[in-house]
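Next come two complexes, and both contain chain A; in the first it sits with chain B, in the second with chain C.
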Partner chain A sequence: MRRNREHTGRAVGEATAFPAAPASLAARSPEAACGCPAREPGEGAGWGTRLAALLAVCGVGLLFVMVVAAALPVLLRPGPGWPLEWLWQPYEGHFGILPMCLGSLALATFALCAGWPLALGLCCWLLTEEARAARPLARLTGGLIRFMTTIPTVVYGFAAVFLLTPLVRTALGGTGMCLFAAGVMLTLLILPTMVLVLEAGLAPRLERLCPWGQALGFSRLDLLRLFVLPKAGRNLAAAAVLGFGRAVGDTLIPLMLAGNATHVPGGLTESLRTLTAHMALVTANEVGGAAYNSLFVAGLVLLLVNAGASLALRRLGARSGTRGGAGS
Partner chain B sequence: MKARRFSAVSGHSFLRWLLRGCALILCLSVGGLLAFLLFRGLPALGTRLFFGDVPALEALLGRQAVWDGLWPACAGTACLVGLTVLLAVFPGVGCGLYLAEFAPPRRAARIRLAMDILAGTPSIVMGLFGFTLILFLRHTFWPGVNTSLLLAAACLALLVLPVLVTATCEALEAVPPGLRTTALALGFTRRQAARHILLPAAAPGIRGGVILALGRAAEDTAVIMLTGVVANAGLPAGLGAKFEALSFSIFYTAAQYQSQEELLRGFGAALVLLLLASGLLACARLLEARFRRRWQGEA
Partner chain C sequence: MQRFLMALACLAFSASAALAADSLDAFKGQKGTLDIAGGTAHIPVMKEAARRIMAANPDIRITVAGGGSGVGVQKAGEGLVQIGNTGRALKETEIQKYGLVSFPFAIDGVAVAVNPGNPVSGLSKAQLKDIFAGKITNWKDVGGADAAISLYVREDGSGTRETFEERALNKGSSAAGANVVNSNGAMKTAIAQDPNAVGYVGIGHLDKSIRGLSVDGMAPSQENAANGSYTVTRLLYMNTKGEPQGLTRAFVDYIYSPDGKEIVAGAGYIPYEKK
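For the complex of A and B:
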């Protein structure tokens, strides 16, 4: 606080050293400055802030330009080695990435089908638990969910390789590296984001209803179930879109747990390769040529899917601050 | 009406137990994973995990190279994260300030849209961006360029940019409006008010955002996989050199370990990264809580 006062003092000194014309005082209030066409010299943003904003926007622009510029020439020239086909056999000149697209879709759908109901259930439980013995447990679970947002995906993958894979191997047979194992871990990965978004959307509405509703004899669970949830469709959809985006964008869990076979995925116990894992593998193992072309196209597909998810989220009115960003 | 009464009486306790079941599944699975990590990783923690057979002081001073420890990976991660934040702080905080204080509404909406899209972009696409950038430079102006620490940090900076922008915006919005009005009433221009009043007042919140960004940069693996991380590089030699990183060494151990000792080191590394990430998040939350309390107390 003392530092603040020093700043204030110094700034006031500066301000009085260059006294403003009294006529411009009316334009000093923020509302007036916004609509005022002729700006005072100190009213707009300085060049530093403008430069920073420009840099940030240019970064995003450059990202899109580079990825699109790398992928477009490949897409516009169909022929041998075109990436949009169903076969990936580099030695025979087939570089199709459609099986990987399908793999990404299958894995994300699995994670969403398992994760979304679980997230909804968890959120409802956190908001409505009334038994006194369970309150500390609910608080603990809430803390656990917040903690889960910080667990790096590579740590999830590492732990699952040595814990979950042997279990899956004994239960379902095969190598243990399959859609099921990767899907379970992805479910855990996207769960906290979805719970937090749901909670942020549902909690204020429930709290608003609570005094009247409880006075009328409804329990919190009834209020949530009968009055809040039927009106919260947008919120539920936002959580699903967000979870889907994160599940599609994650790299390390599919790379470590899904087995990375390049055929079209057939069932829960089959190995599959996602677009993200494909990109990581291609840059690690190949040295240019048509394989890189498939990499660029895969990147473009991912970018478009996730940009679409972001736009859908904006439509649904989810706040940008609550999202944890795409996985690593 | 009848259906509702039915569900409210007999469906009620079933539903409640179903919800409790959800919580139980979550707690069991995550608790199991964490317990497994702790159980396998805790015995590995110690100076031997970091420095191998080399004395700690020699390794810290860089006099002796460490080949069988995590020290080069930790140093690589530290350099990477530091450089990332260095690169991201100016555009991030500046853009947040511009958004919260100066931008006309339409432009602010557009910048927010760009930041939302950036926040949703998968990190491997950021890595691909760095990769294509290097290919492009190699074919045009700069044939000798290669993936390196600087490139990885630049891509990571792009990845953490939305975190910084959002944190700055929220911190500035949490500053009580009275402060703003007072500054204007005292004859500050808006730029002066932002520079001397609002930024210092929002500093703890912004610092929390920076720490969050540190955590995001430290845990990320996909970006650096495409932009220059390698399994064995020793201490980072410079901005243009390849480097090691903690997250990548975890991934590499899971895929390529050859002995029990290496596996144990992998568990140690996973535990260290987990502690690092959660510690950073705890710091950020603490700062944020203090920030809110301070302004709520005064407002």
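For the complex of A and C:
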């Protein structure tokens, strides 16, 4: 967390000085670079940043207004073509998106159930590895996890189409494009995010305890297990919420791997369609009409889920922040 | 090396320009930008035509984008592009809403395809209809091995899907449990990977990685689609907002010219005579 804050502070300072100026130049002569008196980074959050913040807020607000405005008329007009039903058969006038809602939920839950314990285990190992011999391995794993955050999802999807789906097909039967295949790849996708969130939350607490704790004879693992984790519920939850949000929001992995069938998914080897993949599939060919309109409802559901996740995250963050402040 | 490549490209351009001088006469003295978007099946034709025109007349800039038939209708209708391509005839509502004019220029056949390892070589339309409706679920019921059939279909609104359901399934529909892929390329990958797959692609996309099935005894090939003996076919359209003018008109005419027909045939389709 501390490192994050420093980083943001520096980024803001640089942005106000002169965005394109090399860091060294900005550091040597801030006045020459921006043509204004040098300021403290905190004060530097002037017009530029405020304008940027305003634009961002307006953008998000506009997004909500537009999606709600487009979705409400569709929602308020029950009857044929109403999107909140269980059938998607455009040629027979059924435009139900509930199977896709369920698909999104099932897939994200799968990824979370598989990914969260993995992330926790990985994070604990990275934080508590004490053996000198294993340290290069831990460092390598940490680097790999940071690298994994930069892999575009389409690369995961593409690789899995050729490597994972044939395996799933022979091992579990079915077509190989199913909840399980997409879930495994989504797990990989959200794993690094959750590991980094957990690490950022747990590492400072552990470090604070270490000198005394180790002097008393506890190992790092003992300290983490007995003192840090029991108090870190909110951090654990924050990682889960963030991972869930990413898993719900991802489009390409479900589009390429989940099979996209429009029925209600019934098992691990069944093809399913998520809201995101559904939107990608329908926008490619439809303009106007009930199918197109139902997409706005799908968009609204997605937006609400992700907004809900991020609000929950903020609440968790705020509460754990005040608590941490009071405790130290 | 780069200079050499440039020289080579220039040579190729001028050679093709010299060869195609007749059809390209209409572009003399024209300048400006022409934007094209829509159906992905059209892209090879549009790109090659654009390349030849821009080589003959550097004052003209032509951009070609995909996006699908729906995008073609929308962008042409809203004036974002001059030509919007569709792999299906326009719907009445689309014509009314945007005032679009259609120009069919090529015939594309849709072939039923299976994995090359599949022993089944042909199916009747009735069998196809039952397979895609989810009534026949095992290959042994249609003369194949004892294995569950993996259904692959295209997304709703795809021109290929529409042609297939209308012409091969006699307006049948596809089972809700079928896997949906969103391009000819993705369909080919899926079928090539899955030994029990059945799906459909544009005839031009048939190659060694997948095998086309005969439908009611009709073998899928470009020749059969052209002479009418293979009937699972569709037309590819260019659409403009109102009657095309200027550069857009010249481009549409170019696609119908002998040069344009050669490009259409080269992309694996059959040129369609202007009516």
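By our rule, the second predicted complex is superposed on the first by the 263 of 328 C-alpha atoms of A that agree within 3 Å, B and C clash if a C-alpha of one lies under 4 Å from a C-alpha of the other, contacts with A are read in each partner's own complex, and residues count from 1 in each chain.
The definition used in the following text is that contacts are C-beta pairs under 8 Å (C-beta built on N, C-alpha and C of every residue); 3 or more make two chains touch, one makes a residue touch a chain.
Given the structure is predicted, the values throughout are model-derived calculations rather than measurements.
By the touch criterion defined above, A:283 reaches both chain B and chain C. In the superposition on chain A, contact is made by A:121 with chain B only, not with chain C.
When the two complexes are overlaid on their common chain A, residue A:307 makes contact with chain B while staying clear of chain C. By the touch criterion defined above, A:260 lies against chain C but remains apart from chain B after alignment on the C-alpha atoms of chain A. In the superposition on chain A, A:166 contacts chain C only, with no contact to chain B.
Comparing chain C and chain B on the residues of chain A they touch gives the larger count to B. In the overlay built on the shared chain, the residue A:244 is in contact with neither chain B nor chain C. When both complexes are overlaid on chain A, the residue A:155 reaches chain B alone and has no touch with chain C.
Contact with chain B, but none with chain C, is seen for A:252 once the two complexes are overlaid on the shared chain. Overlap of the chain B and chain C interfaces on chain A comprises residues 161-162, 255-256, 280, 283-284. Residues 67-71, 73-74, 77, 93-94, 97, 148, 150, 152, 155-159, 173, 176-182, 186, 189-190, 193-194, 196-197 of chain C touch chain A in their complex. Those residues of chain B whose C-beta lies close enough to touch chain A in the complex are 4, 8, 12, 15-16, 18-23, 25-27, 29-33, 36-37, 40, 90-95, 97-99, 101-104, 111-129, 131-133, 135-136, 158-159, 161-163, 165-166, 170, 180, 184, 186-197, 200-201, 215-216, 218-223, 225-226, 247, 250-251, 253-255, 266-267, 270, 273-274, 277-278, 280-281. Chain contact summary for the complex, chain A toward chain C: residues 87-92, 161-162, 165-166, 169, 173-177, 255-256, 259-263, 270-271, 273, 280-289, 291.
Those residues of chain A lying in contact with chain B across their complex are 3-4, 7-8, 10-12, 14-16, 19-20, 25, 28-30, 33-34, 40-46, 48-53, 55-57, 59-63, 66-67, 69-70, 118, 121-122, 124-126, 128-129, 134, 137-138, 141, 144-145, 147-163, 184, 188, 191, 219, 221-222, 225-226, 245, 248-252, 255-256, 276, 279-280, 283-284, 292, 295-296, 299, 302-303, 306-307, 309-311, 313-314, 320-321, 323, 325-328.
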